[in-house]
């Protein structure tokens, strides 16, 4: 039996297949479709200090090669998460990371502290949120602010600290380095790409328009995601968790080839609610059938040719 | 007969359908497929001061929703362009813009001066080239450098000056504003998105890998392109030329709806070498059949609902 | 909830751009009126939600209109072809003793299903349906509809179905209205129902991502006893109390 | 150059994953051995280039191997279906008086076409072809091939076709070799040809964007009388002097 585990510093996973924040709910949403305990880790929806309603109006739209979402961080807030959702994750033995989002460095620190106290072993910082302190730029676009943010969180959180990077920057490398310098255990990449989806129709002499501006995800972002992972891999010595448009084991291999140690599946869950568990099985069979004993062996084969 | 012309300051086009740099050659490459004189303007391959060989190795790869290219600015150089290619464009009555690329501000200025002397009426600055003076960052990613660049070129070029923006930045708005402040007549957006395409196969126990890192273009980048045009439109009072994944008149409409005054067709030329002329005809028929007398009328209908 | 691979028994034209599909679901599936399934369309990023028109024990029926690529794809499928769907999703109607069921366009599907179920149980109901024009009426279902209106008068009464609601309320004195159709129609009917103090249940539409309550892509605003909050159409709905829904906040329908 | 909509006369299996397609090109198209066409595959960003196997006046023939989605799509087409292709692209071979033609795998197509043309003109030529294994040999064309080798010896001579080149040079004393196949085979044969001072023309492959010389996506490095420069495979090639090509610089074949 091949060993699928990921063992890279504090990033400890039973296998490298995770599910991406915002696409997998808080805990049991997909349990009818796949065995959640088989998944490397599910990442919860972004959790904020207070419950949030998110954005108004149409929130998603399909595009030719993916979709746009503008959910706007709707969530139940950390208190209700800890009270209602966390026990279920723990009781069912589901591996997970909590994705947290704050409006200030203090808020991130407070969220992380609460996670630490609740015994949570892995958090992912969503740094694509508007930074209220610094003129509504996102935290994730300025390496100095990001480094300060990660340092502060690092001081209060002892578990595996993952920073989720946004691709909407001039240099993702600088941001990755800032995370590493501040003591992050891993980075994940990429969050959604800024984009707009428009659906036009023309009837009875008039245009009808559906339009959503927000984050672009799905198949169409995979090349940008692979590129980001490759660039990060060149400068980082901490593990990278890759994501963006993963729909198959072959896609997972492309991320491994680019330098990812683990991956997350997002949009694909919507069409294939059983995909995470299925890819774990496929990876296991592939390694088994082809004599790869460990993940590192497989990754080595993918990276060197 | 509807009036398809674009009349926005110095941006004067017989119709809004242009073809994108790097995909349409220098002049007559597509003449067997479409009537080149019908096209709003063809944009030449990027021209540099000296001829360039471009990148080695595999230069293009297909991805699920587009392609990656790493041509690396191969071109015949400005002298040969002016001597061999330009007279043909002029003699055939083909509307065109010359896309130029330099390694320093002086080089851009010199290229622009040569275009001015040669009577060229429209140039597009490709600012996604490595900036040798400033540590190999691209010109197009720093608003101060970009503003200086555009100012300098503006001093020597009196025709329509278009700056082609790269999407690989934190704030495309700032770069658009820098162009406007420096006296650009229009911006075009977007150039390709940084990306990597990988093609894996597994045979006889070994992985084979084709991999190209470069610029991502085609269908899959349309949401990012529409988003960029929308963001630019919010801050700019000069015309925006939109591009990225245009394959149909409906796509053109989406760009109009987002604020573009004209569009460029790039990757679609590879599968549909007659597409530019075809879309001009379709636009004409559509306006004719539905009572739109001018482009502005059509754009108004698309923008307000 | 499950992922199903279902064989198409038939997929027949029922009007202009209108189809009725019968799916073989071996062993049967349990469903209730108002519930829906989400169909996988090859290469598309989102599944396509369709209401259930009927459940024959060994099969589910759908009524759908061709709008874009997804429904076009479905319309080209033949008997014997397979589709992949997930479901069964959503809540169901809570009918009263005397029910007025209203369908507008393909919104007919869930209320038609409801009518059939009520008939089985011997509960009184009247089904009325409105269409833009004659072509849009699914022929096979006509005999089960008590009143049909068309906007252009090409069949049945002339006018919007919303206009006939008041008349039907007076004639039938229902205690409950169940309606599915365009937002504007449901809004008007809800207002009329409120005027007569009749319980009105509306079946909402929204763009769906996951269909299972995980993505919050489909939420609408509802007034939940004075508290204005989000409700996921896919999970808490699709059926809501017409008085509680902010129809304006739902741009997409 | 033109865009063609061609009807498929037949599309038949010619070996394992191997097909011969006959296209009706009304009015005929003019083509020469070594030239190629580029086929539109729905939803794909790049066309798929295929060499011409033959030209019967009213039709073009192709020989192709299923490698990925594009060729898979082609293999599923039936007589009467249409494909869209652009062409005719590329240069042609410049044969001598006595020619040795070499095809490896599906590289057989252009040299097979050349052989037929030379036969018509009464020019001497010998066609040899190499395959990995028996399954890969297009049955219909076997009788026209003078020597066949397979890597595993399952048909004809055992070994790489490159190994038999020297023997054929000695036996046939050709003045010209024309070859199409994997880069490694063309490289070896070019070296052998150089040793015997024989003109050797190689047909190169490369990823193609535009196929018409506009995008520079397909260039390879050649040594043009001492000047090392780029040459577009689609326009200046696909056929080059084997001595001038840097086979190493062409990672993709």
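Order of writing sets the labels: A, B, C and D. Residues in every chain begin at 1.
In the analysis below, a contact is a pair of C-beta atoms (placed from the backbone, for glycine too) under 8 Å apart; a residue touches a chain by one contact, two chains touch by 3 or more.
Predicted model only: the values in this text are computed from it and were never measured.
Common neighbours of chain C and chain D (chains touching each): not present. Fewest steps needed to get from chain A to chain B, stepping only to touching chains, is 1. Note: centroid distance chain A to chain C, computed from Cα atoms, is 36 Å. Work out the mean CA point of chain B and of chain C, and you get 47 Å between them. For chain A, the set of residues that touch two or more other chains comprises 63, 65-66, 219.
For chain D, the set of residues that touch two or more other chains is empty. Chain-to-chain contact here is organised linearly: an open path runs through the chains from one end to the other.
Two chains count as a pair here when they touch; such pairs are A-B, A-C, B-D.
Those residues of chain B that touch chain A in the complex are listed here as 63-66, 68, 141, 168-170, 193-198, 200, 202, 205-209, 211, 213, 216, 219-224, 226-228, 230-231, 245, 250, 253-254, 257-258, 290-291, 301-302, 305. Residues 1-3, 40, 44-47, 86, 207-219, 221, 229-230, 249, 251-252 of chain C are the ones that touch chain A when the two sit in their complex. Within the complex formed with chain D, the residues of chain B that make contact are 22-25, 29-30, 32-33, 45, 53-54, 56-63, 65-67, 69, 71, 74, 210, 218-219, 267, 269-271, 273-274.
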